[in-house]
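Several structures are given next for inspection.
Okay, so subunit A shows up in both of these, paired with subunit B first and subunit C after.
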Partner chain A sequence: MEKTIKQWLSRMKQQLGNKVRSMEQNSAQETVMLVEKTELPDVCYFLWHEKKGRLFTMVGNDERDIHGFFALYYVFSFDSFRHFITVKTLIDPLDPTFPSVAVQLPAANWYEREVKDLLGLRPQGHPDPRPLILHGDWPEDLHPLRKDFPLDRHAPRVQSREAFMPYDSEDVTEIPVGPIHAGIIEPGHFRFGAVGDTILHLDARLFFTHRGLEKASEGMPLEKALFLAERTCGVCALSHSTAFAQAVERLGEVTIPPRAAYLRTLFLELERLYNHIGDVGNVCAGFGFAVGVSQGARLKETLQQLNERVAGHRYLRGVVRLGGVRIDITEREKEEIAQTLAYVKKEFQELVDLLFSHDIAMNRMATTGVLSLEHANQLEVVGVAARASGRSVDIRRDQPYAAYDQVSFHVPVYEVGDVLSRVRIRVDEVLESIAIIEQLLHSLPSGDTFTPLPPLPPYRSAMGWCESPRGETVHWLMVGPDQTIYRYRIRSATYSNWPAVPLAVKGNIVPDFPLINKSFELCYACCDR
Partner chain B sequence: MKSEKEQTADLRWTLQKRMKEVLGRSLHIRHVDSGSCNGCDFEMNTLTNPIYDIQRFGVDFVASPRHADMLMVTGGVTRHLEEALIKTYNAASEPKMVVAIGACACGGGIFGRTYANYGGVDQIVPVYVYVPGCPPRPEAIIEGILLALKRYEQLSRNKGEKMH
Partner chain C sequence: MVLQAVIIILLAPFIQGVIKKTKARMQNRIGPSIWQPYYDVIKFMKKDAVLSHHSSWLSIVTPYIVFVSIVTAGIFIPTYSLHNEWNFIGDVILVVYLFGVARFFTALTALDAGGSFGGMGSSREMALSAIAEPALLLALFSVCLSSETMKLPHLVVSLTHNGWDWFAPSYVLAFFAMLIVVIAETGRIPVDNPDTHLELTMVHEGMLLEYSGRYLGLMMWAAQIKQLLLLSLFINLFFPWGIEGEHIFVSFLLYVAKLLALGMLLAFIETMYAKIRLFKVPKLLGSSMILSLMAILLRVFE
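Then we have the complex of A and B:
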């Protein structure tokens, strides 16, 4: 494998010729290509289109203190080689522009709008010039992620530059919804262009819960930043803390003890379980099927109470520590987990049988909110939504972490891409998760639960990743010389998946939107940060 | 000593009793997410599941602030949600009992004060009761409602108003 990766990389270098200025290994799993900014679109398109790399994340960084330039990192994942290639380019502060990659690579769209808002690096030729992270009333010339912008500076509100798609025809009704919704839901603003009941077009205005998390992390000691990381999202807390801890451990070139790896895997699957079961129940709210909602909520509560008894927290916060885990489990707790899961499995199966044999439920779910494979691939959709559309990505299998290479599991894939497929994926994955946990409990190794960390090298980057219940999550980290965070970028699954929702609702009726939205089950907090 | 289950049951009966004493009717709550991580939101949702089921005791989460006696606010108020929070507050009917749910709503939490976050609900609207926790457990949220009722009772008494 090592040899083939080397050959594959050197062949790639040949094909790209003088477009690549230098190529160096950042870690065993990551190679960095330095390119001139003018070559950026060509090189990225080559890696994505010719070499079939997935756009994994993109990070903009103010490195003027280090070498006088801004830097952009486009990271591509090559799952079959279990390798990442990062395309890096430096941008002169005197000309803070770069040619947009999003023109050819739609998945880069949001990332480039983000670096424009937060760092003031302008993508030339970008198809959508509207602000993204900062709303229209933020002054256009202030960029909070620049190092010279103080963390707590409150900018004045200016005349809003906000714009929604105007509709020419009088037959199109504009329906604005949110940001505050009717239930206990997170805030987002949706604007439907509808003809009668049918949705012609949807514009989503997000990032209402943007808290400035990444900026707040800068200068923070790593131990404290772990707490910040696990508060990125309430219900994927463990996925985020694991991804952050893995980034730190990769930077320190530390391998965590086998018992810690197994325990992380165990708790990560418990996180997936309570989420997936709760989500299957919640989908039922999309068509007023109260029995399903209640049963889902009851089983979710059963699992969260198990979390609390075993890990001390209903949302599994505080489980991970840098270098391992904080929570160990006893033989009695192993028994308790096994018993609770046996109960949940039986009850969940009853709920699923009820749901899938209910004509009205099936009728509402089937053929509703179809996301095509083509769109899923172009937007680099991840997680449940990807697998329901025939796109087989699961970072647990593709780039294994924790103890996922020690257990066997099947990654379900459906082709249709409708609400029903997304529900089916969750149902299948619940059973897979229970099977994974059974294997882990059976073969849990003894030994230490953490390894101390060495001092971390400054100004080098590392990534940690995790398949959260919503899909692949990536944390990109750079540490400064004082062992505090220099730059931290979180790319959650929802960040990748939100742009797909407007495509999936097109042609559906307005009353089906809540159902479609629930089937994607995207959260706002980790997307907005 | 009573089991955890019995304690939760007691808490809910107390809630019903106190609502009758103080309000003489049911309690309607409107939720506002002012920039939370959604952990607190999910714990509020938990209150309506079959285990806690506070709807059975006359508490409901309503769709409009105009129908609400109480606002439960989660999150430390982001710049982008300031306007929505103020509008919701203004639209709510008296006595506008604002309950700040969770560490972020109480004082900014780990995010604190940033260019995008005000760091606490009381920076923007007056708060009746603070319920700390990250997130607070469902029982703590019920306790928060009880505290708000107590505060309402005291304030009404001070004003010399008849209760209901």
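Then we have the complex of A and C:
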């Protein structure tokens, strides 16, 4: 394997020729290619299109006080080699522009707009120049992620530059919805262009509660930043803290003890369980199937109470520590988990049988909100939404972490890409998760639950990743010289999947939108970092 | 007559409360108290109304028009007694059109403030009512044919005297046709979902979003009264036993018992079913129309 990766990399270097200035190993799993910014689109397109790399994350960084330049990192994942290639380019502060990659690689769309908003690096030729993270009333020349922007600076509000799709025809009705909604949900503004009740186009305006977590983390000690990472999102708290801890551990090149790895896997699967079961129930609210809603809520509650008894927190906060886990479980708790899961499995099976034998429910879910495989691939959709559209990605299998290489599990894939497929994926994954937990409980090794961390090398980057209930989540981390965070970039599954929602609702009717949206089950907080 | 109007007004929230409670129990929830709709109405009446700057006089007038037209319709519908001195004025068609007036103003005012959900709600309501109204009329006609009168009390009298043949196909067909119409007109699953918070899926509730305070209270109360009236109509067309009882008190109790039973049936249907796709609702109402037509044909050829 080691040899084939070397051969593959040197062949790639040959093919790219002098487009690559240098190529070096950042870690065992990551190779960094330094390119001129003019070559950036070509190299990225080559890696994505020819070599079939997935755009994993993209990070912009203000490194002017290290070497005088801004830096951009486009990370591609090559699942078959279990290897990452990072395309790095340096940008002169006097000319803060770069040729847009998003022209050829649609998945880069949001990343480049984010870099433009937060760092003031302008992607030239970008198909969508509207602001993304900071809304239109934020001054255009203020870029909060630059190091010279003080954390406590107050930004004046200016005339809004927000723009939505204009419609020429009188037959098109514009329906603005939100950002405040009737239910208790996070803010998002949706603007439908509809002909009658059929949706022609959807503009989704998100990022209403941008918290500046990444900015706030800069200069923060790592132990404290773990708590910040955990608070990125309520329902994927553990996935975020695990991803962050893994980034730190990878940077320090420590391996966590086997017991800690098993426990992390166990709790991550418990997180997936309560999310997936709750989501299957919530989808029922999309068509007013009250029995499904209340049964889903009840089972979710059972699992969250289990979380509280075992880990001390309903949303599994505080489980992970840097270098291992903080919570160990006893034999009695193992027994309790096994018992609760047996009960939940039986009850969930009943709910699923009821749902899948309900004619109206099936009719509402089937053929609604289809996301095509082509769109899913172009936008690098991840998680449940990807697997429901026939795109087989699961970072637990593709780049195993924690103890996922110690258990056997099956990754369900459906081809259709409608609401029903996404629900089926969740149902299958619930059963897989229960099976994984059974294996873990059966072979839980004994030993320590954490390893102390060595001092971390400054100005080197590392990534941690995790398959959250919504899909893969990537945390990119660079530590400064005083063991505090220099740059921290959270790319959640939601961030990758939101751009796919408008494509899936196109051609459906307006009253089906809540159902489609629920089937993706994306959280807003994961984007509003 | 006045007594009947008062009873209708006061009884309506109770039936709503019972339906909600039944639904909650069936869904494994405890649910609010059956008196909750009364508390809600009282709360709304005490509150100030907030009106949109864009709204016109319609927004103020509509709640009263709707409330009054629904209560007026209630005067012509037999409930627990047949002694009604206003018989000579109105018949089935008047009742349907009083409902129509209420619907018209509700839909018109939903457009008044210019909110997107109001517009969506009223366009859907009007599209559906274009089919729901004839379906209601046809279902009523299929019953009226048997007694050759359109006056409801006369109709009920002849029904109690001559009686329905429980096993007559026309009876069964008319029963199901009417049941579908009642569900659609009360805005219940599978046609509309009265409990949803998803504005984009709303039909009737969407039109009420702009109201607040006493105006909202009146609109909700009117909707509850309309529900009670439709249930009464259904009961007295298909289960009129006891309405001519010697003791008015006994027949009243019997009436309430029948209402509760029917309300629970609706709650049961609402729990068992899910909301169908919006564009399938016309098909459902169309099937009600066909059932009515078949009932009429059978009746004619019998």
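Everything that follows uses one rule, which is that the second predicted complex is superposed on the first by the 529 of 529 C-alpha atoms of A that agree within 3 Å, B and C clash if a C-alpha of one lies under 4 Å from a C-alpha of the other, contacts with A are read in each partner's own complex, and residues count from 1 in each chain.
Keep this in mind: a residue touches a chain if its C-beta (ideal position, glycine included) is under 8 Å from a C-beta of that chain, and two chains touch if they have at least 3 such contacts.
In this text, all values refer to a predicted model and were calculated from it rather than measured experimentally.
Answer with first, second, both or neither: which of subunit B and subunit C does A:325 touch in the superposed model?
So A:325 meets neither subunit B nor subunit C here.
Where does A:208 make contact in the superposed view: on subunit B (first), on subunit C (second), on both, or on neither?
First partner only, subunit B.
Touching A:132, do we find subunit B (first), subunit C (second), both, or neither?
It touches nothing on subunit B or subunit C.
Which partner chains sit in contact with A:294 here, subunit B, subunit C, both or neither? Use first/second/both/neither.
Both partners, subunit B and subunit C.
Under the stated touch criterion, which partner chain does A:183 make contact with: subunit B (first), subunit C (second), both, or neither?
Once the two structures are laid over each other on A, A:183 reaches both partners.
Output check: A:155 vs subunit B and subunit C. Expected answer is one of first, second, both, neither. What do you get?
Touch status of A:155: first partner only.
Could you look at A:222 and tell me whether it touches subunit B, subunit C, both or neither (first, second, both, neither)?
neither
Identify the partner contact of A:232: answer first if only subunit B is touched, second if only subunit C is, both if each is, neither if none is.
first
Using the touch definition from the top, say if A:462 reaches subunit B (first), subunit C (second), both or neither.
neither
Can you tell me whether subunit B or subunit C touches more residues on subunit A?
B
Do subunit B and subunit C land on any of the same subunit A residues, and which?
Comparing the two interfaces on subunit A, one with subunit B and one with subunit C, the shared residues are 182-183, 294, 298.
Using the touch definition from the top, list the residues of subunit A that touch subunit C in their complex.
Those residues of subunit A that touch subunit C are 173-177, 181-183, 197, 284-295, 298, 358, 360-361, 363-364, 509-514.
Looking at the complex, which residues from subunit A come into contact with subunit B?
134-135, 138, 144, 149-155, 179-180, 182-187, 207-213, 215-216, 227-228, 231-235, 237, 294, 297-298, 300-301, 304, 314-315, 317, 523-526
Using the touch definition from the top, list the residues of subunit C that touch subunit A in their complex.
Interface residues on subunit C, with respect to subunit A: 23, 26-29, 116, 119-120, 124, 189-190, 193, 195-201, 270-280.
Report the residues of subunit B in contact with subunit A in the complex, numbered from low to high.
Answer in residue numbers: 31-33, 35-46, 48-51, 61, 63-64, 75-76, 78-81, 84, 88, 109-117, 134-135, 137.
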